[in-house]
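First chain A sits with chain B, and in the next complex the same chain sits with chain C.
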Partner chain A sequence: MKKTEKIKEAIKDLKEKIITKEDLNLTLEQINLIEDLLFKDVTTPLLKKCEQKINEDLKIIIKIWEEEKIIAHSPDEQFSFFETLKKELNHFFLVKLEIAFEPSRDFLERVKDWLKENLNQEIILEVKKNPQIVGGLIIEYQGKYLDLSLAKKIDEIIEQKIL
Partner chain B sequence: MNDFEYFLRKTKEIGYIHSFFHSVAYVSGLPGLMIDEMIITETGKKGIVHSLKEDLAEVLMIDIENLVIGEKVTRTGKIFEIPTGPGLLGRVVNPLSTPLDDLEEPIRGEKELREIKREAPSFRERIRVNKPLETGVIVVDFLVPIGYGQKELIIGDSKTGKTTFLLQVMVSQAKKGIICVYTGIGKKDSDIKLIEEYLKKQGVFDKTVIVCTTPDDSTVLNFLAPFSGMNIAEYFRDQGNNVLLILDDLTTHAKTYREISLLLKRPPGRECYPGDIFYLHASLLERAGNIKKNNQEVSITVLPVAETLENNISGFIQTNLIAITDGHIFFDINEFRKGKRPAINAFLSISRVGNQTKSPVEKELAGLIRKKMIEYQRVLELSQFGTELSKETQELIEFGKRLELLFNQEVEKIIPCELQLILVGLLFSDFWTEKSLTKMKIEIDKIYESYIHKGTPRLREEIEEIKDFSHLKFLIKEIFLEIEKSL
Partner chain C sequence: MDYLLNKEYILFLSLLGIIIILFIVFYLYLSKKIKEEKYVVLKVSQEFEESLRKSTEEELKKIINDLKTRVDNFSNKIILKYEEELSEFIKKIEDEFIALSLLSKEEREKFLKESEEKSKKLENQINKEFLKFTEINSQVRNFAINAIKKGVETIEKNITMETKTILEATNDIVSKKIIEIEKNIEEYRNKKLEEIDKKIYQLIGRVAKITIGHSLDLTTQEKLVMESLEKAKKESFF
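Our next item is the complex of A and B:
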């Protein structure tokens, strides 16, 4: 596999691990921290330099990248790699979800996969817990608003019955 | 469920306030948004979509108090509309039809929501301007006549009597049952109050709607004012009425639009006005006119006002409006300083379609008056050299002075067309030749009072039958002694 393809694959892997907007913000924040450290103590390997400042998931990814030589050794090349990575990460489409309960990570992963497949876009989720919708969910995507909540259904039934 | 939730469920589109600057908000989302569509925020604030960019929409917010970035916005699917209805008569409202008067009660009666920006009537609907609109001001009715459905610009410096003239026209027309809509753009509260009181005093307020904004109102509200006035006028026209619409004034409106355009970072053109200012005013004024609706002729006569500075009518907005309208009445500051009331410069005023509405005798008289006025102006200049003047020249000057006196008209006096013909007929029949100017003035006042209070239907009928100037002279001779006795 060529190096460019390896880089693309690496970015794809990272993107799959990002599910929510919070994940994205945290990842971008950590990439910024890594960038700050790139030009300090250039002889030390990257992972060693930043292992105290980044979370476990990113540590594992960087370790694989270093082993497979996806990340170059020179700080300049490393910097341009992370800049490309940041740009790529900013190309997500945001899908806002309003749900009545606190969702688990697994649940969100499944929702993301389903939406990704159906919308055919790289997406991230912004989830808001709103018990007032009772059940179901409200989706916002690219200015479209879809209210699939139970509260709306109940309202409609009441309106029909009364009117 | 509030309006926001209702429209959100209806349109299924959501957006957010991305940023805002003065009264302009940039909104993201809302993929199906249209130009001029009304949007509503989650706190109930309304705005009008001005333009659409790739990712953002530029929205003119009517209310920006406590607006926050990130506030939810939804479409309404409707072009911005305001309530109109017969309940607006005798009320002072803002461009959103919210009452501003002291009545402290809402607009009553049936209401119809109408889009604020509508297309002008097509040429198939339009008909020729064919009926004269009586202003009650002699100099205008003879020399710059206006017809129903005409667009006549009122142009002049500030404080030259433009609004006074417009009020005279409104009173004259309202007394004939015409609906009058006065739109004051960026007017002082005190000025609006004076207009309201004047109309009430004249007993015509119930035939009038005053739409106004003050300089304290938001730029967007000021921008909407003439559209709102036109919208209300169109409502009454569609109900089968003839309407007189006054837009006081469009130079202030142009300044408001310039402010908005500069906020929207549009490239400034001449005098910093945006390039589409001509289109904006032309599309607004084009909505007036004489049309045939359900086999009935109905009209909106529009009298837009333009303000000048030291008689300079070559400004950008002024020339635009002159080009858009069917003529203009020029209020000359120099004539005003000389004490002429109304300070209309008949030589620089023009009515392009009004003449076709006048009767042959009125046209003949107008021609005679114009000729006499030109001669008078010429000999008046010559007489200033102090040379000895011939008897003929002296007579001409005396006649000119009498003509000027006749054209000098107080604010309260609204002279009906028949009386105008009698007075001009008397002047041309040498009724006042041997009398002093003071006596002439007293006699004019007496004739006016007697005509207004007693009313002479027989005379009115006879005057309506007059075909030419010789016929008028004949009639004047008949009533000559009668008038002399009554004085």
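Our next item is the complex of A and C:
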């Protein structure tokens, strides 16, 4: 596999690990931190330089990237790689969800996978917990809004009864 | 010759013009004078009316005063005449009394007897008159009572009729009012019931949301979200 393909694959893997908007913001912040360290102590490997400042998930990823030589040794190339990575990470489509409960990570992954499969887009989620919607969800995507909550259904039933 | 004729013609026209102008001036003067005369006549008539009113008032005052004086004089004369007659009458009575006191005992008794008889007769007559009067009084009284009774009956009848009419009218108004009020009450009741229904349903809605919200476990919640996504897809949301 060529190096460029390897880089693409690595970016794709990272993108899959990013599920929510918070994940994305955190990842971008950590990439900025890594970029700040690139030109300091150039002889020290990247992972060693930043292991105290980044989270475990990113540490594992960088370790793999270093082992598979996806990340070059020169700071300039490293900087270029992370800039490319940041650009790629800005190409997500945002899907806003309002749900009645605190979702687990697994559930959010399932939702993301479903949306990715059905929209055929790289997406991230912005999830808001709102117990007042009772169940179901309210969804916003590319300026469109759809209320599929149980609260709305109950309101509709009550409205019919009143009328 | 023609020249002379023309000259005469111009002269004639000039004279005619002067006559017309004089006539117009005279007419204007005449109309102005008529106007002034009219004004004078109007003024004179107003003044005349005013003086006539004043003189009439004065004459009336004089007549009233004269009448007053005459009436005063007449009443004074009458009073004097009566005073004179009264004094004469008193004098006569006094004379009679003196004459009576001078009468002898027999004559006095005779006089007394006559007087008694006369007084008895007078008493009888008075009694008769009194009886008549009592009878008439009784008749008048009965008549008055009957008349009053009739009047009262008529008034009573009228009052009964009026009361009946008023009662009927009042009943009609009251019935209409009652119907109207009943209608208003019914409308108000329905409105309130609707409001209560609405509130109850809203309450049911709120309770249902809370109850359903609490009763749904995590798995069901997740299932509902996934079903909602499927529904959104069916509705071509994406």
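Keep in mind that, in the parts below, the second predicted complex is superposed on the first by the 163 of 163 C-alpha atoms of A that agree within 3 Å, B and C clash if a C-alpha of one lies under 4 Å from a C-alpha of the other, contacts with A are read in each partner's own complex, and residues count from 1 in each chain.
Methods note: contacts are C-beta pairs under 8 Å (C-beta built on N, C-alpha and C of every residue); 3 or more make two chains touch, one makes a residue touch a chain.
Fair warning: this is a prediction, and the values are worked out from it, not measured in the lab.
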Clash or fit (per the criteria above) of chain B with chain C on chain A: fit
Chain B versus chain C as contact partner of A:L146, first or second or both or neither: both
Chain touching more of chain A, residue-wise (chain B, chain C): C
Partner chain in contact with A:L46 - chain B first, chain C second, else both or neither: neither
Partner chain in contact with A:V127 - chain B first, chain C second, else both or neither: neither
After superposition on chain A, the shortest CA separation from chain B to chain C (Å): 9
Contact residues common to both interfaces of chain A (with chain B and with chain C): 144, 146
Partner chain B, residues of chain A touching it in the complex: 140, 142-147, 152
Complex contact set, residues of chain B against chain A: 8-9, 12-15, 28-31, 74
For the chain A and chain C complex, residues of the former touching the latter: 97, 99-101, 103-104, 107, 110-111, 114-115, 118-119, 131-132, 134-137, 139, 141, 144, 146, 148-151, 154-155, 157-158, 161-162
Contact set on chain C toward chain A in their complex: 197-198, 201-202, 204-205, 208-209, 212-213, 216, 218, 220-222, 224-229, 231-233, 235, 237-238
